[in-house]
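Pasting in a structure now, in C-alpha cells, and then I'll have a few things to ask.
The letters A, B, C and D name the chains in turn, as written, and every chain counts its residues from 1.
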Amino acid sequence: MTKILFTDKLESCVERWRSAGMTVIGPVQRANSSVYDAVKSASELDLNLVLADRSIKELFFPQSEPMLRYTITKSEINTSDFKAPSGPRIIFGARACDASGLAIDDPLFGWDYKDEYWFQRRNETVIVTIACTKADEFCMCTSLKLAPDSTKGSDILLRPLENNKGWLVEELTDRGREAFKAVADLLQEGSDPAAATVNVPVKFDADACAEWLKNPENFDSRFWKEISVRCIGCGSCTYLCPTCHCFDIQDEGGSFDGIRRKNWDSCSFALFTMHTSGHNPRATQSARWRQRIMHKFNYFPGKFSANSCSGCGRCTRECPVDMGITETLQEISKLSQ
Amino acid sequence: MSKIGVFICHCGENIAAKVDCTRLASALGDHPGVASSIEYKYFCSDPGQESVKKAIRDNNLTGVVVAACSPRMHEATFRKACAEAGLNPYMCEIANIREQCSWVHNDGEKATDKAIDIVRSMVEKVKRNNTLQPIEVPVTRRALVIGGGIAGIQAALDIANAGQEVVLVEREPSLGGHMAQLSETFPTLDCSQCIMTPRMVEAAQHPKIRLLTYAEIESVDGYIGNFQVKVRLKARYVNKSTCTGCGECITKCPSKKIASEFDCGIGRRTAIYTPFAQAVPNIPVIDKNNCTYFKNGKCKICVKSCPLDCIDFGMQDEFEDLEIGAIVVATGFQVQNNALYGEYGYGKYQDVINGLQFERLASASGPTAGKIQRPSDGKEPETVVFIQCAGSRDPSKGVKYCSKICCMYTAKHAMLYAHKVHGGKSRIFYMDIRAAGKGYDEFTRRAIEEDEAGYLRGRVSKVWLENGKLMVRGVDTLLGKPVEVAADMVVLATAMIAQPDAKEFAKTIGIGYDEYGFYNEAHLKLRPVESSTAGIYLAGACQSPKDIPDSVAQASASASKVLALFSKEKLEREPVIAVNNESTCAGCWGCVLACPYDAIEKKDIKDRSGKVIKRVASVNPGLCQGCGTCVTFCRSNSIDLAGFTEKQIFAEVMGL
Amino acid sequence: MSEPFEPKITAFVCTYCTYAGADLAGTSRLKYAPNVRIIRLPCTGRISPMFILKALQKGADGILISGCHPGDCHFTHGNYHARRRWMVFRALLSFSGIPEERIKYSWISAAEGLKFADLINSITEDIRKLGPFDQYHQLIEETQAQASL
Amino acid sequence: MSIEQQYRTRAKELLASGEVKMVIGYGPGSTADRRRPLFITSPEECDRFVLDSACITNLSGYLVTEGLLSDGKRVAVFLRPEGVRALNVLAAEAQLDPDQIVIIGFDAPKGELKALQGSTVDDFTYLLAALKDVTPEIAGEQLLEKIEKMSPEERFAFWQQEFSKCIKCYACRQACPMCYCRRCIVDSNQPQWVNTSSHTLGNFEWNIVRAFHLSGRCVECGNCDRACPVNIPLRLINRKMAQEVLDSFNHFAGTSKTQEPVLASFKKDDSETFIL
C-alpha cells in the first residue's frame, strides 16, 4: 500500500498549500509557450506536457536578478541589497531531468561562494517531480545515466497511475514530507498500479565521449568545425538548458542611481569572451560550441563529478538550425570507437 | 573624476526674478561631480568671465556649465573664456535657463524646478564631453562670383583689388545686370550707365578677374575652401578669341524684330546680338531660337558678313571645372509679371508698362533715345499715372514684402518725366512713401515740391481704355473720395521677386532660401552676408530687394568675408563632425547615402600584406557639417557625432 | 486633495529651427507650461528613435520631436530623412501599443515662437488629459523590484 | 527526374566544374520533419542534399559568414524567393558581391515544391517585382487584424505579455540574414540604449529596436519567428512594418541588388500628415 494523490484532490492540495503561505508553481501555458509559473488553482496547470518549453532552472536562477541598488550622491555611493523573494514554494509537476539539473548545479553555486539567491530559493522550495510516461525524440536522460523517474534533485516523486487518475507518492526528503504532511488527509492509501515510465533510448555513450573529450589531441580536432558549421550563435540552447549557469553582472540605470543585476549569459555569444582589447580567445563559433561541450562533459565533471547535462533535450528541440548536444555526442561516440 | 563648475547667471533680473538662483546653485552644488556651483549677476560681463576663469584655475575644473541665456547668445563667449583659463573650450556647455525657462514661465517654483533639471542634464552631458580641436582645412584662394550685375562686379573687383583671384560668371552675354538697364539713379540722378560701364570694363580687364559670360553653374561640390565647381560655357556660335566686336554681323542680320530682353520688350534686337551697345565683352551671341539658319537651315548672312570668320554654327556648350575657395552669390532679381493684375490692364493695354520699361524709355541709350513716348503710338504722354505697390505688400495677389526701391524710383520717374516732358502731369497712387536712406526723403520732397509730382494716397481699383485715354479709377484716402484720372500712360511699380529659377539654383549650390526664393542669410542681423553654407556668401538682390547702394555695400561686405577666409592658408572649422568606429562598422553604406554633403567615403581596411579585409565608412572632416543624420541611420551605432555623441545625449536624457 | 498630475514631457529639437523658435518664444516673453525639458541636437537628422525609447524609460509621459520645416533644414535634408524615420517608428510604436498621442512631431521654424509656445501648452494639456503613462511606468517599476519568483 | 534529384545534379556539376567552392542547401534533420542547413564542398557528397517543402530556413544569412566570400570564389545556395530578396538586400547594403552567389531557386507554394529558373539575382527580378503586389500569407493573420483593432492599451498589454516571455537569447537576431552587424546595438554598452537585462522593459526595447532596424529591409522569410524558442509572434511585427513601408514609400525590400535603403533615402513629398 502506498499513498496516492488522486487528480481530483489536487485542487484541494493547491488550496491547502496556498493557504499555508506557499507559492504553488507548476507548468502553465503563457502566450503560446509553456513555462513554470505561480498558479492560484490547479486548473491552470498543464500536466500533459512532455516537458515545458522552459526549465525550472529559472525559478532559482532567474534570467535577470537585481542584486543591489546604488545611489550616487555628491560625496558617496550608497547601496542596498536585493534579496531573493522569500517564502516557501512548491513546484508541482517538475520533470526528473529538470530536477536533476538543480542538483547538478548545486555544487557549482556553492563551491567557493555560496550563491545566496540560489540557495535561499533551493531551501525554500519543495520540488514535486512527476515521472515521465511519455517522451519525444529529443529526450535523452538515459544517455546521461538518469531516467524518467530519477529522484535526483526532487523532494517528492509522483508516479502516474496506470488509470491516469492520480499519482503514487514517493516522499524523498524531509522537506517533501513536510509539505505533504499538510495535505496528508487528502491523500489516500491504495494499491493502484503505477503506469510504466517511458522507455527513453540511450543515444550515445557518455563515458566514451568523456574519454574522447579528455584527450588533449581532440581539442583541435576538425570535428568541432564540422559539427558546428551551421551554428548561428544564438543563446537559445544555453538559456533553455536546465544546467547552464553562466551569468554576467550588469549595472543598469541612470546617472544618479541604478541597479546591479545578475543576468544570464551564454558561451554561444561572440561577446562572451571578448576582451576589452578587441581580442577574442574564442573567435569562432566552433570554438564556442567546443567550449560548451567541453564544459558540460569534461571540465564540469572534472570538478564536480557529474556531467552538466540532465538530458532534457531542449537544446536540440529548440535549436533554429537543428543542432544540439545529442548529435554532437553521438558523433563523438562514433569517433571514440 | 569629473570636476564640473556650474555658473548660474542672474542676467540681472532676467533670470533671478523668476528662478530662485540660490536654490538652483545649492541643488547643483549637491550634484555628483560638481566641484563648484556659484551664482552671479552677469557672468557675461568682464568680472563675470574672470570669475569663471578663476574657478577653473582654482578648482582644476574639467568642465563648465554656464546656466544663463541661450547658447546661441553666449556659448562662444564662455567657450573663449574657458580656453583662456586653459580649459578646452568644448568642455563648456550652456544651460538655457533664460529664453527657455525664466522668460516663459509664470510660476517661480516650477521654473526653478525646471531650471534645476536643465542644468543637471547639462552637467551630465558635460561630464561626457570630449576635448575637441578645431579642424584645419586648406583653402583654395580663388573666389567664384556668380552674377555680373553691380553686386557681382563690386564683389569681384574688391576681391581682385586685394590681390586674390576671381572667376566672375554671368549667364547673359554681357555683364551689367539690371543696373545697366536703368536710366538715371536715385537720389543723385546720375546716369546709370555712366557709372556702371566703367566698372564693367574694369572688371573685364582686371588681371585677377577671369570673366566667363554666357556661362552657367552646372554643379557645386566640395566645401568651404575647397569647392569644385562645374561651369557650362554656353555656345555663343561666335568665336570669342577672334571676334573684335565690329558689329557687322548684327547690322546684317535679317531677323531684326526680336523683342529685346534688355529693353524689356520695348525695343527690338537681331538674332545675332549683344544685349546693348556697351556690352562687356562686346562679343555677340546667336540666339538659336530666333536665328533663321538654326530654324530653316538657310541664311548664314552673318557668316558672310564677318570679316574674321568668327561665326561657327557647330559650336557646342563646353564645360569647365574650377577649384574654388569661396563663392559669392549675386544672382539678382526679376520683376514680377504684372499681368496678374488684370484690372490694371498690363499686357492688355500697350501703354500700361512697368517701372523697368519706363527706365528703358527714359534711358538715353534706350529704344526711344531717352524720349518719353507711349509704346502704342509714340506720342508724348501728357498725363502719366504711376501706381506704387503694384505687387508689393499685397498678400492676396502679389507678395507680402515691400520691394523697397519702388517709392524711390517712382519719385525719380516722376522727376525724369517732368524734366523731359514739360507740362506733363504725373499722378502717383501710393500707400506710404518709404524714403529712408541718405538723401532719400529729400529726393521725394524734391519730386513733389520742385517737379510737381502729384501724390495721391490710395489704391487704384481699375484701369480701362476710354476714348484713347487710360482711365484710372482709384481713391484718394486723404480726401476720402474716389478719383478718376485720364492718363496717357500708366507705370506700375512692379514688385521685385527672386529669379524664377532661384530655388533650383539654391539647391544646385546648396544654400537655403525663403518662401519667396530669396536666399537665406546665416543670421538676419549678425551674419547678413553669409549663406547658411560655410564659404558661400550673398550679395545684392538675390537675398532680398535692395537698391544699388545696399547691393554694393553688401557686395563689399561679402568680399571682405571672402578676403578674411583667404587671409590664411588654412581654415579652422568647428570640430562638430561625425566620426566612425571602423572596428564595428558593418560597411552597409547607409550613412553614405544619407549624408547631405557626400562627406562619407568608403575606405579599405587592409591587413599587413595589403589585402583588403573589409571596407568601412570614413568621414571626410572637411566636408562634414555635423548634422548627425548618419549617426541616426547607423544601426550598429558605429558613427557618432563629436559634441553631440550618443553618450552625451544619453546622459542628458538620463540626467533629466 | 492630491496634486494635479503634471506630465513629464521630453522634447528633442534641432538647434537651427525649433530651438531658435523656443528662444524666440522666450525673447517674446510668451508664457507656456513648464513641463517640457528640451534636448538640443544639431539637426532632426540626429534625433534617433533610441532617444524616444530612452525618454520613455526615464518615465516620460509624452515626447515632442521637432525641427525645421521641409526645405528649411540648415543641413538641406536632415529633416527629410528624419521624417521617414518618424513615419516608420511611429507606426511601430503605435503597433506596440504606445499611443500615438503621446509622441508628437512638429515643424517649428526659428520664426515660430508663438507656435512653439502654443504647441507646448497644447501638448501639455493633451498629455495631462491622457494621464500618466501607467502601462510603461509599470514596466519601469518592474525593473526596480526584486525578482518575481 | 525530381526537382531534388535535378538540384543534386546541379550542385554536383557546380562543384565538379569548380564554378563554386561550396553549395549551401538542406540536409535531413534530427527528426523526420526537420531539415537542417548543409554545407557541401565535394561533388560526391551532393546526394546528401534534401529538397522538399519542409526546407524553409532562409539560408542567405550564411553567405555573410565572416571570411566565406573573401577569397573571391563563388558559392551556390538554395533559396526561396524571399531568400533571393534577402540576397538583394545584402548586395544593396554591400555585404556581399552578388556575382559570387549562384542561386539554386525553389519555392513551395501551398506545400508543392517547384523549381525556379535562374542563377543570379538579376534572373529573379521579374519574379520578385510581381511579389510586391501579393500580400504574403502568414500564420496568425487573424491575430494581426485583431491587434490592429485593439485599443492602444490592449495592444500594449498584448505585447507586454509576449515580450515578457523573451529571454534575450537573440535567436531572432542570429537567425536573421539582415542582422549582420559586427556589433549589435544591444551589445553596445557605452551608452546602453537597450537594457541588456531580460526584464519586460528590456525585452520590449530590444524587440522594438530590432523591428525598427528591419523596417524596409525585412523580407519576411520567417527565420526569426521560427527561431524564437518562446514563440513570440515576431512575424506579425515584421508583416506590419513591411506593409507600412510599402504603403508609405512604395518600398518592397529586396527587389534589386541596387535598391536604395528606404530609410537612407527620402522624397520631398513624403507624407507628413502626422507632423504638427
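In the analysis below, a contact is a pair of C-beta atoms (placed from the backbone, for glycine too) under 8 Å apart; a residue touches a chain by one contact, two chains touch by 3 or more.
Note that the structure is predicted; figures quoted are calculated from it, not measured.
Taken together, chain A and chain D share the touching chains B, C. Across B-C and A-B, it is B-C that has more C-beta pairs touching. Chain C has the Cα centre that lies closest to the mean of all protein Cα atoms in view. Farthest chain from chain C (centres taken as the mean of C-alpha atoms): A. Centre-to-centre separation between chain C and chain D, using Cα means, comes to 34 Å.
For this pair, chain A with chain B, the centres built from the Cα atoms lie 72 Å apart.
Work out the mean CA point of chain A and of chain C, and you get 45 Å between them.
Residue numbers of chain A whose C-beta contacts span two or more other chains: 64, 252, 254. Among the residues of chain D, those in touch with two or more other chains are 185, 192-193, 195, 197, 199, 202, 263-265.
Chain B has residues 583, 594, 633, 646, 650-651, 654 in contact with two or more other chains.
The touch graph of these protein chains is complete, with an edge between every pair of chains. Residues of chain A touching chain B in their complex: 72-74, 254-256, 278. Taken together, the chain C residues at the contact with chain A in this complex read 58, 143-149. Chain A makes touch with chain C in their complex at residues 23, 25, 37-38, 59, 62, 64-66, 69, 82-85, 89, 117, 252, 254, 259. Residue ranges on chain D touching chain B, taken from their complex, read 70, 93-95, 180-185, 188, 190-193, 213, 260-261, 263-265.
Residue ranges of chain C in contact with chain B, taken from their complex: 10, 15, 19-20, 22-27, 29-32, 34, 37-43, 45-51, 54-55, 58, 72, 74-78, 81-82, 85, 117.
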